[in-house]
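In the two assemblies presented below, subunit A is common to both, partnered first by subunit B and then by subunit C.
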Partner chain A sequence: MTKRASAVSASPPRRRSKYTLAPLVLIAANVVLFSLFFVWPAVIGLVYSFTNYTGVGAFQFIGLDNYDNLLGDSTFYDALTRTLLYTVLFVPLNFVVSLLAANLVVSKHAKGGSVARVLFFIPWLLSPIVVGVLWRWMFGENFGLVNYVIEKFGGDAVPWQSNADLSLLVVVMASAWAWTGFTMLLFIAAIKNVPVSYYEAASLDGAGPWRQFFSITLPSIAPTSFIVILLNTINAMKEYPVFVALNNGGPGTSNNLLVQYIYETGFKRGQIGYASAASFVLMLILMAVAIIQLIVNRRVENR
Partner chain B sequence: MTTTDIPRPVDAGSGRTVSKKPPRRGGRGGLRQAVSATTLLWILACLYGLPVLWFVLSSLKPAGDLFSVPLTLIPQNPTLSGFRAAWDSANFSQYFINTTIVCVITTILTVGVSCCTGYALAKYDNRWLKAFFLCILATTMLPGEVMLAPSFLVVRDLGLYNSFAGIILPAVLTATGCFMFRQFFLTVPDELVEAARIDGARELSIFLRIMVPISRPIMLTLAILSFQWRWNDYIWPLLMLNDPNKFTVQIGIQSIVGAQNINWSVLLGASVISMIPLIAVFLVFQRYVMNADINAGLKD
Partner chain C sequence: MTTVGVRRSSRLGRGGTRRLVPLAAGVSAAALLLSACGGGESDSGGTSKSLTFWISTVPGQDAGWKKMVAQYEKETGVKVKLVNIPYEGYTTKLRNSAQANSLPDVAAVPALDPIWSNKLIDLSDIADNKANKINANFLAKDSSGKVLSIPSDVTASGMFINKSLFEKAGVDYPTSPDKTWTWDEFIKAANEVQEKTKAKYSLTFDPSPSRLRAMVYEMGGKYVHADDSGKFSVDDATKKAVKTFVGWNDDKTMPKSVWTSGADPSAMFQSGDVVAYWSGVWQVAAYSESITKFEWASVPTPAQPVQASDVNSGGMTVGFNNNADAAGAAKKFLSWLYEPDHYRTLCETSGFLPVESGLNPKYPFKSEAAQAAFKLYNESIPLYDPISGYFNSAQTNWVLKGKSLAEDPTKTELGKAINGQQSSDKALENIVAGYNQQVGG
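== the complex of A and B ==
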C-alpha cells in the first residue's frame, strides 16, 4: 500500500499524497454507486441497443438494425423535432426572463426586490407535475382563467389544448415560469460579483442603464450565461413530467417528446433494445450540445 | 453626494443593492428610473405569483363553485373539502408518508456520501482521485432520463424493483452535492488539517470531528436541494413502483390527471397538499437557499 502511494506522489512532490486509505474509504460509497448505477447501465444500454431485447427472455444481436429503423421511424422524428422546437423556444425565453428578473431584483432603483425574489422562486419549488396541473387549470379551454379573461375583454376563447402548436407554447411558458427562480439565482450571484467600480466609472462617463447593461453586465456574466444555456438545453431535451401533466403530450400524440417516446417504446411496448437505441441518439445530441458549448466557452474566455 | 462616490469593494452578501450611488441626472431622472424599474419588477413578479395564488385560492372553493361563472378570485364559501377528499381518496395519505420516507432517507444518504466524497476530492491529492472527479463530472453529461431502460434493468436485476431502495440508492450519487462540498472544503485552509495531523489525529477522525461539523451550512443547503429534487421526482418512481401502496405523491397526482374525467376538486386539493412540505422547508430555510452557491449548480 505504502509503496504504491509513494510511487504516485513521485511526480508532484506533495506531502499529502502519501494518504491512500483514508480517501479511498471516503469515496468508496460513491464509487460503488457510480459503478452500479452509472457504468453498468451505460454499458448494457449500449449493448442492448444492438439487440432485439424485450426486457425478458433471450435476445439476439441484430447489429445496427435498431438505429436503421429509427432513421425510418416517423414517430421518432416527430418526437425529435418537437423536442428540438421546445428547446429552441424554452432556452431563450427562460434566459431573457431570468436575466431580467435578476437585474430588477438587484437593481437599487426597484423597490421590494427581496419580496419579489421569493415570488420568482416559489414556482421552482413546485414539482413539474404540479406545474403541469397548475397551467392546465389556468389554460383550460372552457374553464380556464386565461380564456375567461380573454373573453371578458371581448376576445374569442383560444384553443390552448386542442391546437398542437399552442399546446406546445403553453408548456414552453409553463417551464420557463417554473425554471426562472433557479436561473435567476445563478444570474444574481454573477451580477453581484461584477465590481461596483465599473458601473461608477461608466456612469461618470455618462453611460445610461442600457449601455451599462450591454457593455458591463452582459460581458461580465458571460461564464454564467454559458452554464445557464448548457443546463437549460440539457434540461429541456429531457423534459417529460410537465408535458405529461399538462396535456399528456397532446393533443393526440403531437407533442410526445423524446423521453416520452423512449418511455413508451421501452416500457409500454417492451422494446428495450429499440428504446436503448433511441436513448443513445438522445445522449449523442446532449454530448454534442455540451461539447459545442465547451468549445464556444473556451473561445470566448480566451479572447 | 460626494462621499459615496468612492468605489467600494464588492460585498458578496449585499453587493450592488447597498451601493448608494448618487442619481446621475439629478433627482427627477433617478425618480423616473426608480418608478419604471419598480413597476416592471412588480408586473413581472405578479406574473409569477398570481398563478400560484389563483391555484391555491381555487383549491379552497367547494367543488360546485369551481367552474361557476363569473370566476371569482376569492372563494365565496371557502372550504377544506377538496383537501379532505384528496387526503382520503386513493391512498393519498399513504403516498404522502411514502414520499416522506423516501425523501428523508435519500437526503441523509446524499448529504453523507457527498460530504465524504467532496472532502476527499478537495483535501487529498492522488491521481485516481482526479480520475474519479472526472467520472463524477461525466454523470452530469448523461442525465438519468437517457438511461431509463438500462437503469431499470440493472435495478431489477439487483432485486430492488418495487422497493423504496430502488428509488433511493440510484439517487444518492449527485455531482452537484460532491461539487458543493468540494468547493467548500477547498476554502478550508490545509493548515487546519496539517495541525490536526501533527497533534496525532487519524485521517478519518480529522474528517469526522473537525471537517463534518464546520461544513454544516453546506449540509443544510444540499439537504434542502436534495429534499426538493426527490420530493418532485416523477419518472423514476413511476418506473420503479408497481404496488399502489408504495406510490409517491407525484404518481398519485398524475394518476388523478390521467383519469377519464378529471376530478378538479380532488386534483387541486392533492396538488396543494403536495406543495406544503417544500414551501414550509423553503420558508424556514429561505436564506440558505437564496445564498446557496449553486454556481457549480448542475441540477440533478
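== the complex of A and C ==
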C-alpha cells in the first residue's frame, strides 16, 4: 500500500519534469547565448557611453557629457540627416521596384518568370562590398562605364563621385538593386496568397488591372508591406558596407552615415565612450521607428 | 619557446649538456633552466656560435636574408637560424617573447615597440662607421643618443610619368636629380601634355599623408611638426603648399574623386590616360611587369626649392640584449651585414633601396624603365634634405615615449577641404589638433 501510494504520489512531479525540463533546457541555451552575445555587450556599451574610455587603459565616468556633446556635434547631425535622407530615398524605391518585379514575375501573361526570378535574386546573394565595387565600375567618375558611354555619345562626364548628392543617389540605386531580390520574394509569397476569386469577381464587375492592383492586391498584401517597410527602414539606418565600397562615405565626409560616423569615432579616433553614446542614440531611433510602425500597423489591422 | 630552446641548446651542447636538448623543446621548466644556463655562460667571454634571426616577409621575398645568412655561416661558422613569421602575428609574438624573456638575438621589425625597446642593443658603432655611409637622416636615436635600429631598406615617394604621352606632346622632362624641376614647372609641363594629347588628367596623387608630406617638404614647409615641448603646428610654407594642392583637385589637373571618394590613382595611371602619378618606389616592381601599353619613367622629385621626399624605413634591423654573449654575437652579425659589400648583396637580392650611399646595386629587373627608376632613386636619396626623414624618426620617438599616431587625420580633413566642406587652413587646424591629441606633448 505504502509502496503504491508512493508510486502514485511520485508520478505527477515526474510528469511535470518531463514537460518542463526540456523546454527549460532549450530556452536556457537561448537565454545564455542572448545574454552572452547581446545583453552583456549592450550593457558594456551602455556603461562605456557614460565614460571617456579610449579603448585602452582606464576610464572615468563622465555622466551624460557624451550625450550632451552629441547634441552640439554638427558632424553627428550631418550623419543623422544623411542617414534619414538615405532611408527616405531607399525604402520607397526598393518597395516600388520590388513590388513591380514581383507582379511581373507572377503575372500569368509573363514568359520566363522563373528565370527572371533567379536573375532578380542574384544581386541579393552578392556581398555588399562586391555590390559596391560593381557599381563603382559602372559609376566611377573617371573611368566608369556609364561616363564612358555618355562621353562616347558626345556628352560631358557626370560627377558621380565628387558631387555629394549624385554620390548618394548612386548608393541608393545600388542598394535598391541589391535588395530587390529579397523583397521581391516576400511580395511574391504575399501576392500568391491573395484569393483568385477576388480578381475574378472584380473583372466581372469590370475592374481593369490597375483598379485590381490598387483595390485588391495592395490591401491584401498590407501585412507584408508593413514588414518590408520595417525591415528596410532598419537596414537602411544601419547601412555601411555599400557606402564604404562605393565612395567611402565621400566626397569628403558628406556621405558618412551614422554607422560610419560611429565606426570612425570609436575605432579610428579612439573615442569609444563617445561612439557608444552615438550607438545608443541610433538604437533609440530604431526602436522608436519599430514601435511607431507597430502601432500604426495595429491600428490599420483593427480598422 | 622552441626557438629559444634550439638557440640555447646548441650553446649548451658545447658545454656537454646535449641531452637536455629534447627536454628543452617540450618542457617549459627545462627551458627556464636552460635560459639560466645560457645566461651563466656569458661569463665565459666566448662568442656565441649560433644566433636566432626573426624576419617577417611574404614567402619568396625572403631571398636576400636567406642568402646573407648562408654567407655569414660560411664565412664565420656561426649558425644563424632564420625564422620567417607571418606579419599578422609578428608584433604580438615579439611582445609575448619579450614578456617571456625569450626574444630572438636579431630581428627585422616594422616598428619599435615600447614593450621591448629597453632590451635593444646600441648600434651606434655600425651607424657611425664612416665606411658604411649610412644616411644619418633616416636613423632614429633615443634621448641618450643611442641608435636602437638601422633601416634594412628605405622607401621614398616619387614621380612617375607617362613617357609616351610626354614624347607625343614633344615636352621635355628632367632625367637627373641634379637638374630637376619645380612643382610649378612640372604642373605646367604636365598640363601642356594633357592638353596636347587630350589625356584625361595631368596628375593623380596617392591619397596618403606621406605623399602630401613629401610635396610640402619640397615646397619648403615642414608639414605638421612638433616644437621642443612636443606641441604640433604648421608653418606658412605648409599652409601655402596645402592650399596649392587643394587647388589642383579641380577635375582637370587632378581628379577630385581620388582624395574625396576613394578612386584608385594607380589604376588611373595604368589606364594610360593620365600624364603623371605621384606615388613611390614600391610601384616600380609591379609596373615593370604590368604596364605594357605605354612607356613609363620615374622622374626626379620636384624641388621648390627643397630637394626632398618622404623617406621611410622599409623595415628596421635591431639586436636584442639577451645576454652579453648573445648580444656580442648579434652585434657582430649586424656589423657584418651593414658592411657595404654584404649590404649591397642584400639590396640586390631583395630589391631594396639601400640606406647606405654609393652602393650602386644591380637589380634583377628585365624592364629598362625599372632599372632606370631604381638608379634614379638611389642617386636621389643622398641629395635629399634631412627633413625627408623627419616623420620616420618622429614615429620611432613617439613609440619610445609610449605613443603612436593610430589615425593620421590628413586624408579625411583634406578630403573635406577638396569637397568644399571647409577651407584648407581649417583642415590643417583639425589635422594639428589630431596630432596633438594622439602624439602631442
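By our rule, the second predicted complex is superposed on the first by the 280 of 303 C-alpha atoms of A that agree within 3 Å, B and C clash if a C-alpha of one lies under 4 Å from a C-alpha of the other, contacts with A are read in each partner's own complex, and residues count from 1 in each chain.
Rule of thumb we're sticking to: contacts are C-beta pairs under 8 Å (C-beta built on N, C-alpha and C of every residue); 3 or more make two chains touch, one makes a residue touch a chain.
Because the structure is a prediction, the values reported are computed rather than measured.
Chemist: Once the shared chain is lined up, is A:Ala236 touching subunit B (first), subunit C (second), both, or neither of them?
Modeler: After superposition on chain A, A:Ala236 lies in contact with neither partner.
Chemist: Have a look at where A:Phe143 lands relative to subunit B and subunit C in the superposition and call it first, second, both or neither.
Modeler: Both: A:Phe143 reaches subunit B and subunit C.
Chemist: May I ask you to decide whether A:Asn248 touches subunit B, subunit C, both, or neither, giving the answer as first, second, both or neither?
Modeler: both
Chemist: After superposition on the shared chain, which partner residues are touched by A:Lys268: those of subunit B (first), subunit C (second), both, or neither?
Modeler: It touches subunit C, and subunit B stays clear.
Chemist: Given the touch rule stated above, what does A:Ile191 touch, subunit B (first), subunit C (second), both, or neither?
Modeler: In the superposed model, A:Ile191 contacts subunit B only, not subunit C.
Chemist: Of the two partner chains, subunit B (first) and subunit C (second), which one does A:Ala176 touch, if any: first, second, both, or neither?
Modeler: Neither: A:Ala176 stays clear of subunit B and subunit C.
Chemist: If you stack the two complexes on chain A, which partner ends up touching A:Ala116: first (subunit B), second (subunit C), both, or neither?
Modeler: The answer is first: A:Ala116 touches subunit B but not subunit C.
Chemist: Quick check on the superposed pair: does A:Leu257 touch subunit B, subunit C, both, or neither? Answer first, second, both or neither.
Modeler: Neither partner.
Chemist: Which partner does A:Leu70 reach: the first (subunit B), the second (subunit C), both, or neither?
Modeler: Neither: A:Leu70 stays clear of subunit B and subunit C.
Chemist: Given the superposition on chain A, which partner contacts more residues in subunit A: subunit B or subunit C?
Modeler: B
Chemist: Report, in rising order, the residues of subunit A that make contact with subunit B in one complex and with subunit C in the other.
Modeler: 143, 248
Chemist: Subunit B touches which residues of subunit A in the complex?
Modeler: Answer in residue numbers: 5, 8, 12, 14, 16-17, 19-23, 25-27, 29-31, 33-34, 36-38, 40-42, 44-45, 48, 55, 97, 100-101, 104-113, 115-123, 125-130, 132-138, 143, 145, 148, 177, 180, 182, 185-186, 189-197, 199-201, 203, 206, 209, 224, 227, 231, 234-235, 238, 240-241, 244-245, 248, 259, 262-263, 266-267, 272, 275-276, 279-280, 282-283, 286-287, 290.
Chemist: Going by the contact rule set out above, which residues of subunit B touch subunit A in the complex?
Modeler: It comes out as residues 5, 7-8, 10, 12, 15-17, 19-21, 24, 30, 33-34, 36-38, 40-42, 44-49, 51-52, 54-55, 58, 66-67, 69-71, 113-114, 116-117, 119-121, 123-129, 132, 135-136, 138-139, 141-143, 145-155, 158, 169-170, 172-173, 178, 190, 193, 203-204, 207, 228, 231-232, 234-235, 239, 250, 253-254, 257-258, 264, 267-268, 271, 274-275, 278-279, 282, 286, 289-290, 292-295, 297-299.
Chemist: Okay, in this complex, where on subunit C does subunit A touch?
Modeler: These residues of subunit C touch subunit A: 200-201, 251, 255-257, 260-263, 267-268, 271, 273, 406-407, 412, 415-421, 434, 438.
Chemist: Going by the contact rule set out above, which residues of subunit A touch subunit C in the complex?
Modeler: By the definition above, subunit A touches subunit C via 140-143, 159, 161-162, 164, 167, 247-248, 250-254, 264, 268-270.
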